[in-house]
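Please go over the structures that come below.
Common to both upcoming complexes is subunit A, partnered first by subunit B, then by subunit C.
So, the complex of A and B:
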């Protein structure tokens, strides 16, 4: 096989790691609370700016800055739920979509107001690994590994803790859950906070690879929603796998067609799949 | 009907007064944009008011604007022909996406996401075809200085205003006609219960498709006129998902269950952006949209009928969510 194709495919899988993190975060929120946060990747942008301020601005060590940023975005995730979603929990789903869309405008513009549209970066660049004629980005490899660890932790949390059980129960039947003595509001809040935490973690991983600007969420947002729908909204395993499938589509079509059109190809594939498998490619 | 005539008369009188007393160029510039965006948003509500929330109308705006300018710049085809061609192209895309969507029952949130993907594909294609379209840098129609109207160009703001007004009135007329039609009743029925609507013999997919095509055409023409008026088009400002979101938010903020709501929504949006720009200059880029975003959240939470919808239902003492009022 062509080395360049192999390199593209490996980078595609590594790229899939961060996408998987975000897809699972969004899908968890969808499965449990039944809302789509259009502004989900804007939380990543907020996290990236937080790291930028703490690391480049205040001069904290990178790891500490990352931890604080994750905590910050976790709180933000919970706030989004309690301030925006909770009051309209009973409205039609489309209203919730629209409210979080308003949040998208708000966060993007607020970031523009604070930081202007200049591209910023924290000045940390990890070297590339050379492996038999192929170049593999260390930042992506790191992101991939951390993402896998985080997903495993989330799995263990959902599987073995009380609130994990409660969250899974709600995803199965949200109406009966009150009868089991579980406070839905807490379960929703915790889910949103986990969603925020995953976005914050993704921010830590992406800040090593990309420049920060207020509209960076636009470059990931549509892909992440697409992954969710692709794998079946609310289906965590499906979302996880589809993150890798979609990033492979992007990587391979980038190789065969053009890097400009690779995202367009992924979206076109998405549209076609929605026609035939509206509940995701893993639905029966 | 009488009310519509009165409304038309009012518009004519106001226009005549505006043109006679001579409005400042800047105000005219805003008015033209309000009318064109108002028409585009009204085009969106044709479909949006039936709970079919397209998040991809930016694609049609983009095809309208780019189609006309590309035909004019590269092939020398006058925009008078270019506009119908571009509208037809937008309808073709709407058909290609809408037909399978409606046939295969892609509804609700899924329809929104599919249409948003459509807008992203169109935007990325425009950017990728940078040899022809100028990519992210945008494109300027070749100026026709001797007889600008032959190329549908408007160096004179008053002429542009009359064109925009004419188009806007046509769109409002289409809206009221559609409101009074069987199609509207069918779609209202299918918005409540799609299966029940099918059971009483409504071909839901066909009715939806009809309205989607109409809506795509209106949006494309609006986009084309906007491009011709601004004399500069750009994939960020005239296609893609942010534009799609702006269209649907302006409609919702104004009130999508009313005829004037979408126009009022886009007027308020533009007024807010412009007044903040005038107040703060370029010091606070993003301030307008920060406030706008907050307003949207508050609207969805507290005023889902939009401004005009809320005012109307207060006036009429009605609380029905789909106040089917004419104005």
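So, the complex of A and C:
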């Protein structure tokens, strides 16, 4: 087999890891709270700036900076829910969309105000692995492994804990859950916090690969969105798998056709799927 | 609690908007009476973007250069030491409609004698058409797109700056000259890859690259565009590794250049030389960030005045550059101004010290017709301006009518984190280093 093609495919899978993390975070929120967070990838941007400030600014060790950043974005996720989403939970979906859209512009502008549009990076470079003529980025491999571990942990949490059960139940029927003695407000808050934590974790993994700038969310937002819809909005397993399918489509078409058409190919596949399976490729 | 939240949100919004406001340029108070040819003052309309995205992209810098030139001419008593220059400044707000309206206001309400400036080619296209139709006079500042003048046959529009087609063709020309000598590869065996962001700028330069590669008989092994906001360029890099180009010609902005270089390093991409084409490759923060990684990288750009060794320019121009640099630093605190500032200064200086005086002395007044005849008479040899090139305009029957035929972009190379001119050879003081020396992060082993 062509080693270059193999390399492109491996890179696609590794890229899919980070996409999967973000897709699951967004899908979880949508599945449980039924609100579309347009500003989700902006939380990643906030997390990246947090790491930058803590590590490059205050000189904390990278691991400590990452842990604090994850905690920070977790709290931020919960705050977004309680301050922005909760008051408009019963309004029409378009209002909710506009509110999180407003948050997107607010976060981007606020970051521009604080940090300007300069590109910043934390200056950490990991060596790459060389395997028989193929080069594999360690930062990406790390991101892939951590993403898989995080997704496994989330699965175990949802499957084996009380609040995990509550969250799954609420996703099935949000109205009846109150009768079962579960406080929906807490379930929503916890879900948003988990969504925030996944965004924070993604920030830790992406900060090793990308420069930080106020609009970095725009690079990932559309793809993450497509993954969610591709796999079925609210369908966790579907979102997880579609992240890998989409990134493989991008990698292989990028290799065989061209880089600027690779995203067009992914979106074309998306449109075709939507014709036949409007509720996502993994819908029943 | 709700009130507190509201207070915090409103407070932050106010803070954000306060930070976003860009001060408007002070507009010179102007008399309402229309000046005659015998007016004591030469009234010049200056259009640049002082707000919006173009402002920080080089437009304000160009405007500062223009301001310095006008200030220096006035300190000498004005044009020919007799006629002071009065500038009426307008803000195009990075918006083509505003730019056109401001140009009309300056010409028809303010009745200026000539227009100078404009940053964006998208503004220059409609304004040039309007000005020429009205038989008014415009001396363009820094818009570089070939399309502004090509096949238009304007008579009252002039541009000293090199145009975008020239950017794309310079790098293949340079390679054809140095390939054998420096790389030991015959030009026809030299493998070149062209990669570019797929917006109008990147696509335009890449088309120029391709023409140049064909013209000089180099081997094109890959030509590929990508979106400047793409989150991943690893497939492109894998293809580059497969194609094994000796030289990569790259046109991009940011974040794409940064992402490309980072992933290229992770994926072990090596090459003998990389030539960037302005934009992202010329930004000071880019140089700051990559330091040793981009050492010996080449870049095609309009020359900034401070890059030239005064010995390759006409006598006296070194002092003029120093004076401009000194004043620029006094005004902005910036020691190393971008090329747009040099252009803004240089071209306005040329206009006020050569074109307008010639119009007055030779043709009797500074009407648009006299100004255009004086501009057509202008004949400055290479090395005769602080931008390195000479000035001679193509006549109206030429497809590039009004374009300075002697303008050329230059090729710079990063040495110890500073750009130095290495090509064309007649104005460069330093020899290019090719290939990337052993031990360089991107050098082939």
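Here are some notes:
The working rule: the second predicted complex is superposed on the first by the 284 of 284 C-alpha atoms of A that agree within 3 Å, B and C clash if a C-alpha of one lies under 4 Å from a C-alpha of the other, contacts with A are read in each partner's own complex, and residues count from 1 in each chain.
Note that in this section a residue touches a chain if its C-beta (ideal position, glycine included) is under 8 Å from a C-beta of that chain, and two chains touch if they have at least 3 such contacts.
Just so it is clear, the structure is predicted and the values come from calculations on it, not from any experiment.
With both structures placed on the common chain, the touch criterion links A:113 to subunit B and to subunit C. Touch criterion met: A:211 reaches subunit C, while subunit B stays clear of it. With both structures placed on the common chain, the touch criterion links A:11 to subunit C but leaves subunit B unconnected. Of the two partner chains, subunit C is the only one touched by A:121; subunit B is not. Of the two partner chains placed around the shared chain by superposition, subunit B is the only one that A:274 touches, whereas subunit C remains out of contact.
By the touch criterion stated above, A:258 is placed in contact with subunit B and with subunit C alike. Where the contact sets of subunit A with subunit B and with subunit C meet, they give residues 106, 109-110, 113, 218, 258, 260, 263.
Residue ranges of subunit C in contact with subunit A, taken from their complex: 5, 12-13, 15-16, 19-20, 198, 224-227, 229-236, 238-239, 241-242, 254-255, 258-259, 262-263, 265-268, 285, 289. For subunit B in complex with subunit A, the residues that touch the partner chain are 51, 53, 97, 100-101, 104-106, 108-110, 112-114, 116-118, 120-121, 124-125, 127-128, 241-242, 245, 248-249, 252, 284-290, 292-297, 299-301, 304. Those residues of subunit A that touch subunit C in the complex are listed here as 4, 7-8, 11-12, 15, 83, 106, 109-110, 113, 118-119, 121, 125, 128, 130, 135, 137-140, 209-211, 213, 216, 218-220, 223, 250-251, 254-255, 258-260, 262-263. If you check the complex, the residues on subunit A that touch subunit B are 36, 84, 87-88, 91-95, 97-99, 101-113, 116-117, 214, 218, 222, 225-226, 229, 233, 258, 260-261, 263-264, 267-268, 270-271, 274-276, 278.
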